[in-house]
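Okay, so chain A shows up in both of these, paired with chain B first and chain C after.
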Partner chain A sequence: MGFRHEVRLSGTGGQGLLLIGKVLAEAAAVYDGKNATQSQSYGPEARGGASKSEVIISDEEIDYPKATEIDFLLCLTQESCDKYASDVKPEGTLLVDSTYVSSVPEGNYRVFQFPITQKAKDELGSATVANVVALGMISALTSVVSSESIESAILARVPKGTEDLNLKAYRLGRTLVEEAG
Partner chain B sequence: MGFRHEVRLSGTGGQGLLLIGKVLAEAAAVYDGKNATQSQSYGPEARGGASKSEVIISDEEIDYPKATEIDFLLCLTQESCDKYASDVKPEGTLLVDSTYVSSVPEGNYRVFQFPITQKAKDELGSATVANVVALGMISALTSVVSSESIESAILARVPKGTEDLNLKAYRLGRTLVEEAG
Partner chain C sequence: MKADPKGVLTGAHYIDGNYAIAEGALAAGCRFFGGYPITPSTEIAERFVQRAPHVGGLFIQMEDEMGSMNAVLGASWGGVKSMTCTSGPGFSLMMENFGLGLMLETPCVLVNVQRGGPSTGLPTLPGQGDMMQARWGSHGDYEVIALAPDSPQEGFDLTIHAFNLSERYRMPVLMMTDECVGHMTEKVVIPSAEGIEVEPRRFTKKPPSEFLPYEVDESLVPYAPIPGEGYRFHVSGLTHDEQGYPVINAEAQDKLVRRLVDKVKKNAADICKYEEKDIDGADVVVLSYGITSRVVQPAVEMAKKKGIKIGQIRLIVVWPFPEERIRELAGSVKGIVVPEINLGQMVLEVERCAAGRCATILVAHAGGGVHDPETIFQAIKEAAK
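Here is the complex of A and B:
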């Protein structure tokens, strides 16, 4: 059995979950030489705004690209937290944005709660990079993908002219975890 | 057994395959009320520039989001055509951009060859919307997702200020098929 790491990024439409999923998958595959898939499911419920993006990283070819035992779950809304927390595997990790998530279901997982969106507003003047702040926190809380690779993938993927802001957001996320730890 | 339709969009990095995959999946799910997944695989070979995006549309929940029997394959490069043509199921459909693809492997599938990128340049002054021209052709060649839904999803997803160009590109794609048929 090879190494397999499953990440689910959840929240609502417009929070940029697909972008950070893509960055994470590209960082793992293109820069770190692993295999990765990024996927998004849409159902009629997507009308209501629920959104999730999954990234699977492996050292082998990925035959089943849907998350079944989640190692790491990010929740940017209360709804996504209520819906997905129980999918995290025992001793997995749950990162929630306490700007929007006030109660976390109990379970056998590590929970990190930070006011991610509030921090993005206060420190960077922009709530729209909360997704990239979260990516920095994910990077610091796991060691599956190298931080250098993630920075390279950010620079390759974000819109021209926003590279500096996004790098700052990413590094803020890492710092928030490092200072807490 | 419910209805299941598998689409693979293939070419090289930077051709906007993820965008049209996302538009197609959203059109099916958010506007047409079906279930849909969109996924992208990355491997060390992605360094070389090969890129594919898959969309699965179903009237049931999608448990296995990887394409196994492709109903529709789009190839924007020769490399992607050589690599994936054999994955198309019997009597499936293969759409190739003859601007870049000169030879199509023989097989038991319908083949449509159009100079998609060249047409985008000549008619719209922009090769970068070749992906959306291709989406228009896919829409006209299949009837899995309604054209109205795809137009709504395009308007919701393309960068602000490019809506008109992208709608024109989409309609050009549809016209190219209708005129040929």
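Here is the complex of A and C:
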């Protein structure tokens, strides 16, 4: 059996989950030379409604494209946390935005709670980069994709003129995890 | 001939299936897109719009899907490789003029990124429920060519192939993909232009004075007039003769419609394309297409662990259906398992060809997601009994 790492990024439409999923997957596939498949599921609303983005990273060819035994779950809303926490595999990792998630279902997984959106507002003056702060945390909490590759992928994907803000957001995410030890 | 380097974005890209289809079209030489946006197909138009100004292409957003399909037919008669994309209700609206394209023998490509139906159904979620509509959705007798990619890479590769088939047989060709493949992002490697073979329009070699727009030789495929070179032609959705003029009687109908059907049927061996795995000695064969061919892999692994002799056939070209091959297989296996994201469509073809000589087991899914591999595994176990 080869290595297969499953990530699910969940929350609501407009939080930028599809973007960070693509950044993470592109970093793995293009810059780290692994195989990576990113897929997504969202509702018809422009904003709001459940949204999720999934990334499968493997050193083998990826057939089944969806996450079923999740290594890493990000939840930016209470609803997504309630719905998906049970899909995390034993010893997996659950990262929640405590700005919106107040109760985390108990389970056999590591839980990290940070006020991600609040921190993005306070430190960077923008809640819209909360997704990239979360990506920085994912990077610091797992070592599946190299941090240099993620930074390269951020620069390749984010809108022109927002590169600095997004890099700051990413590094803030890493720092918050590192400071928490 | 080789692809025009202008449209070929050589290199490794990390793009979704929809972008890959747009890139395949540009690499194939498509320079006109008549579009009307609809989820989950819109990214194909979006990518074409971004790239068209750099390659001398043109995009027009039409008033609706009927207008889109007609604009595509018109552009193709103007000598330009043309396409459109749609989904769900848009595919229904395009059916009338898709039939017109078949009748006029107009090369072009129509992409359907399937979502859940009927009606507006599930705009953002996957389905494979339009497979029979692809075959029979327009009125009258005809044959179609339809392809089903299972990855963004194949979205790129098969779109080029779809354009080539549309030029070879002078007809609209369908790309029957789905929301999963359309919105799935993976690495797509685009070769250099010298590595891409594209088929040019089959222009007539006759002078304008001798040219008849629907005269055919043994290929059964007419030759196109060269636009702007003094060739006169008349095209009509009415039953027509070699000149393209309406002839409303049973003889003309018999001659034309049989030829439209025969040009695909008699070339089925050239058009059909499928991939087989572990077929020799298999007791059970799983037949799949599109995203479902990837979803069956965990089920196949489970079956192998149980000691079931399991083979696979993946349809790459879904229409025309590989009748001969399925007839052969039906004589040598216990059962054929057909998972699809609909309540039973391509399985009807499998049943028809198997004609009771082996079991055919549908694993249905109404749409909105992909199968749980466990349900496919249960069907494989049932078939192996």
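By definition in this document, the second predicted complex is superposed on the first by the 174 of 181 C-alpha atoms of A that agree within 3 Å, B and C clash if a C-alpha of one lies under 4 Å from a C-alpha of the other, contacts with A are read in each partner's own complex, and residues count from 1 in each chain.
The rule is simple: a residue touches a chain if its C-beta (ideal position, glycine included) is under 8 Å from a C-beta of that chain, and two chains touch if they have at least 3 such contacts.
Keep in mind that what you see is a predicted model, and the values were worked out from it rather than measured.
**Q** With the two structures laid over each other on chain A, which partner does A:30 touch: chain B (first), chain C (second), both, or neither?
**A** Both: A:30 reaches chain B and chain C.
**Q** Quick check for you: in the superposed arrangement, does A:63 touch first (chain B), second (chain C), both or neither?
**A** both
**Q** Given the touch rule stated above, what does A:3 touch, chain B (first), chain C (second), both, or neither?
**A** In the superposition, A:3 touches no partner, neither chain B nor chain C.
**Q** Is A:41 in contact with chain B, with chain C, with both, or with neither (first, second, both, neither)?
**A** both
**Q** After superposing on the shared chain, does chain C or chain B touch more chain A residues?
**A** The partner that reaches more residues of chain A in the superposed model: B.
**Q** Once the two structures are superposed, pull the chain A residues common to the chain B and chain C interfaces.
**A** 22, 25-26, 29-30, 35-44, 62-66
**Q** Contact residues on chain A for chain C in the complex?
**A** 22, 25-26, 29-30, 35-44, 62-66
**Q** Write out the stretch or stretches of chain B touching chain A in their complex.
**A** 18, 22, 25-26, 28-30, 33-44, 46-47, 61-66
**Q** Which chain C residues qualify as touching chain A in the complex?
**A** Residues 12, 14, 39, 123-125, 180, 183-187, 291, 294-295, 297-298, 369-370, 373 of chain C touch chain A in their complex.
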